[in-house]
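Please go over the structures that come below.
In what comes next, chain A is part of two complexes: it sits with chain B in the first one and with chain C in the second one.
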Partner chain A sequence: MVIFLKAGGELRTKLNPDVDFYTRRVETKEGQSLRDILIGIGINPAFVAFAYRDDKVTRLDYVPLDGEVITLQPPVSGG
Partner chain B sequence: MLSNEEKERYSRQMLIPGWDQERLKQATVLIVGLGGLGSASALYLAAAGIGRLRLCDGDTVGRSDLNRQTLYSESSIGLSKVDEAGRRIADLNPSVAVEKFNIFLDSQNAGKLAEGCQVIVDGLDNLESRFVLNKESFRQRIPFVYGAVHGWLGYVGLFLAPQTACLACLMHPDLVSRDRVPVAGITPGTIGLIQANEAIKWILGRTASLLGRLLIYDGTDLSFEIISVEKNPACPVCSKA
Partner chain C sequence: MANGLAGKTLRINLATGDIRRFPTDEALYRRWHGGRGITAKILYDEVPRDADPLGPKNIFIINAGIMSGCFIPAGSKVEFGAVSPLTNGPGDSNMGGHLGPALKFAGYDMVIFEDISPKPVYLFVDNDTVELRDATAYWGLKSLDCEKKLKEDLGEDFEIATIGPAGENGILFSCITHDFGRQAGRTGQGAVMGSKKLKAIAVRGNKSIQVHSLDSLRKQVTEIILRTQKHPNMVPWQKYGTAFFIQWSNANACIPAYNFQTTYYEDIDKIDGDQLVEKCLITHKACFGCWMNCGKYTKAVIPGKPEVHLEGPEYETGSLCGSNLGMKDINHVAYINWLLDNLGMDSMSGGGVIAFAMECFQRGLITEADIEGHTLKWGSVDDVEHFLDMVAYKRGIGDWFAGGSKRAAAKIGRGSEKFAMQAKGQEFSGYDGRWAPGMLLSYMTSDIGAHHNRSWTITVDMAEGRDTVEGRAKIVVYLQHIRPLFDTWCICRLFWGELDITPEEIVESLNHITGWGVSVAEVLRTSEMIWNLNRCHYIERNGGNGRSFDYPPARAWEDKIPSGPGMGKGLSLAQIDQMLDEYYAARGWDGKGNPTRALLEDLGLGYAADRLEKAGFLGDPIPGGIPPVRGEKYKPKAF
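Up next, the complex of A and B:
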């Protein structure tokens, strides 16, 4: 199975995009949650404030489907 | 009642169909944090004629603030932000009543600060205080115009839990803030203006475009993306309402 992860802000450098400037192609196993996938590619879930797909926020326990595109955003605290 | 001077001052915006200047004049808005976000929102809310602005910030102005904190100038360095902001707003629009609180927000004073406000605008610079403000917004059922920035990236949303999700539905309160966040000055300007826009629309009773939604702005590619934030059944703040 393959999913596509995109990232914003400083999280982009941690993601190591390989498809384009924003996106990384990731091979996943059946039943793997987004949290497990992130850990598997070396991203600490604590660096992810929230994730979304199809314009809706999704939890890190979500199990992505084949071909899905999920965007990750970092914690942003400045004012 | 609007004075003749006020009618003249606001004449261009009063041409907008459905604009109710009297309603803005009767409103009280709390702005917590007078940095880059608070500078932009405070100036435009004052210029629009919000009747009463309640300003809260315990900080003083530093030189490194001046790339983005447009309420202040070189002569403000070392002075209290609320005092300087009050001066600037009085100069811009003397008909706005300004309440100044030269304190930092905490869970003890949040209730009193928010009391009687129609909208809370987030100008804070750390996540911990934002979650305090979010909780107070939920407790008093006051709309919370959330905003935050980092580098070229900015978030803005409008939460009114339990009717919508709250900030703690979107992200976990245990996320850690960074000190000395990098900020391109234009980012909080952009986000702060959108916060002011949403606050004004809410007071006017117009469609609140960001109610229960989050706008993600990325200045590097000039993208604006809006996503829906659904209520989290396990939210530590609003799930039990």
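Up next, the complex of A and C:
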């Protein structure tokens, strides 16, 4: 199964995009949560404030579907 | 002028009504870059060290910055500066919205107010017309109500900034409000305006601003616009703003709960970003020249209370007036935000002061008899509303809290100083530092009192180890140079700093606007120079070695985190001292926290060294000399 993760900032550096400037293609196993997928590619989930898919904020215990595109939002300080 | 400046500066004596216009000093901007830099310089040079911040000798400055209004994205900020009544040191506060650009479009880069008006006035600026107008009819109005009335009276196209009753009554953490929900919150700038009987500023302008290389700027900015529009984080920013970091902060044991007693809040699901969007959101709001529209225009609906509209709560207010007060309903958090905005109090310090009072009540240090028969229980929006009314109008013990939590603790005593969560008199931002040592150090050493905008290190602490302190100091120093540059240039950090625009690109824009031809290294030195000038000013005003002002309240090392993912964590006083030692060494200051002559002269501040020496607080020479470069950029490694 394949999903696509997008990120900017420091997270983008760690993500190591291979599709375009922001996006990495990740092969995953069915039933894996986003949290487990991140750990599997070497990203500590603590550095993801939330995920964003289908126009909605998504928690990291979400189990992605095949082909999904998910944006990772890094934490930033308030203004 | 083809350098991003509007061209004129106003200096207004409020006692005499004298309004002087003169050409903006380009050399001053070249050296100090505007915004926070120029306010620091003017305050240092002109405000006597024994001047009462609420007295006639304090100066109040509005500076529109060099980059704002220059048709770059998010060139929206304006900077206010005065000696802070809250910290008794140099103070500044920035604000988004539209006021800064409007001031420049009217032809003015800066307005400097001196002395005190004999009666309430507001500044009226309509291009070349500049007047001090009678504000008697507006005095006493709440901030948002006053802005609405001024727009009705003058026209919707005026940009208005107001103070509320808190500023009028000298509440030391009063803010300035604009655009129905943007604030210059920190350091009590609203109180300084109030002390000068300056109720509001109303500005309209339609002149143009010339930049040095318009074609180059246009080309560069077009590329940045197109690129950032495709940035993956743009849509989440547009939809949710910063409120969505509340869950993350809680999950990672950073969020303040119950006056920083703990860092995990069980009811976070009731006050998070999801709740804000679902229950309160009306529409999104943007500042001048920005499509990030991170502002959220919302409503608070509570049975038995009128429906109110506000901007927010964003992360800081959402945490400091949410989990920090034990609130269990997002409508209650939004309502408290509205109360603070309309009364004209900084919602960050406001949340901190309320929380401190609530803990005093929890511990029996203040009672119902002290609060006019009311309680001050965690989670009670009614109790907060009554308490804030007492503070804003200085009724009873409300007067004690009107000076912030540090002064209130001095009055209450009985160990309450330990949990007045502030540094140099200004309340902490919405992050607990006991398991984020760099963040605690950032609060302790901030030049304007605790403020995350100067330095924010939570992710650095997580990457480098939350239980260790080694090596954190030089990263804090670097952040304290780079982050305040946004307040110096009056552009928004959220757009320019969080969407993969590099420092080199920002400086390129600066150079296209100004023609200065500066480098990133040079602007960092300018920022370091401003930082050290503020340090010298603070030490002179407060008459002590710098180190004596840099400690956090004792909760920071005496109370381990009692619950949640951070349970048992906390720093020791020895670790806090170690961080300060490393910080001073990284800064080129001596062990007492005083800048040294070698450092100050390296930064072109020899005159500040002379003054510091005369005051008896010049730093001792450092064996081996000062570091050649102060601060180190963090290089992310393993996450």
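Heads up, the rule we're going with is that the second predicted complex is superposed on the first by the 77 of 79 C-alpha atoms of A that agree within 3 Å, B and C clash if a C-alpha of one lies under 4 Å from a C-alpha of the other, contacts with A are read in each partner's own complex, and residues count from 1 in each chain.
We adopt the following convention: a residue touches a chain if its C-beta (ideal position, glycine included) is under 8 Å from a C-beta of that chain, and two chains touch if they have at least 3 such contacts.
All values reported here derive from a predicted model rather than from experimental measurement.
*Asks:* Under the stated touch criterion, which partner chain does A:Ala7 make contact with: chain B (first), chain C (second), both, or neither?
*Replies:* After superposing on A, A:Ala7 lies in contact with chain C but is clear of chain B.
*Asks:* Of chain B and chain C, which one touches more residues of chain A?
*Replies:* Counting residues of chain A touched by each partner, the higher count goes to C.
*Asks:* Kindly classify A:Phe50 by the partners it touches after superposition: chain B alone (first), chain C alone (second), both, or neither?
*Replies:* Once the two structures are laid over each other on A, A:Phe50 reaches both partners.
*Asks:* Which partner does A:Gly42 reach: the first (chain B), the second (chain C), both, or neither?
*Replies:* A:Gly42 contacts chain C only, not chain B.
*Asks:* If you stack the two complexes on chain A, which partner ends up touching A:Val76: first (chain B), second (chain C), both, or neither?
*Replies:* Both chain B and chain C are touched by A:Val76.
*Asks:* Share the list of chain A residues that count as touching for chain B in one structure and for chain C in the other.
*Replies:* 8-10, 46, 49-50, 52, 55, 57, 59, 73-79
*Asks:* Over in the complex, which chain B residues touch chain A? Could you list them?
*Replies:* Touch residues, chain B against chain A: 33, 35-38, 122-127, 130, 147-155, 170-171, 175-178, 181-183, 188, 214, 216, 218, 225-230, 232.
*Asks:* Within their complex, state which residues of chain C touch chain A.
*Replies:* So the residues of chain C touching chain A come out as 96, 231-233, 235-236, 239-240, 242, 244-245, 247-249, 251-252, 273-274, 294, 314-316, 429-431, 452-453, 456, 458-459, 462-463, 492-494, 498-500, 636, 638-639.
*Asks:* Which part of chain A faces chain C closely enough to touch in the complex?
*Replies:* 6-10, 12-14, 22-23, 42-44, 46-50, 52, 55, 57, 59, 71-79
*Asks:* Quick one: in the complex, what on chain A touches chain B?
*Replies:* Answer in residue numbers: 8-10, 46, 49-50, 52, 55-57, 59, 73-79.
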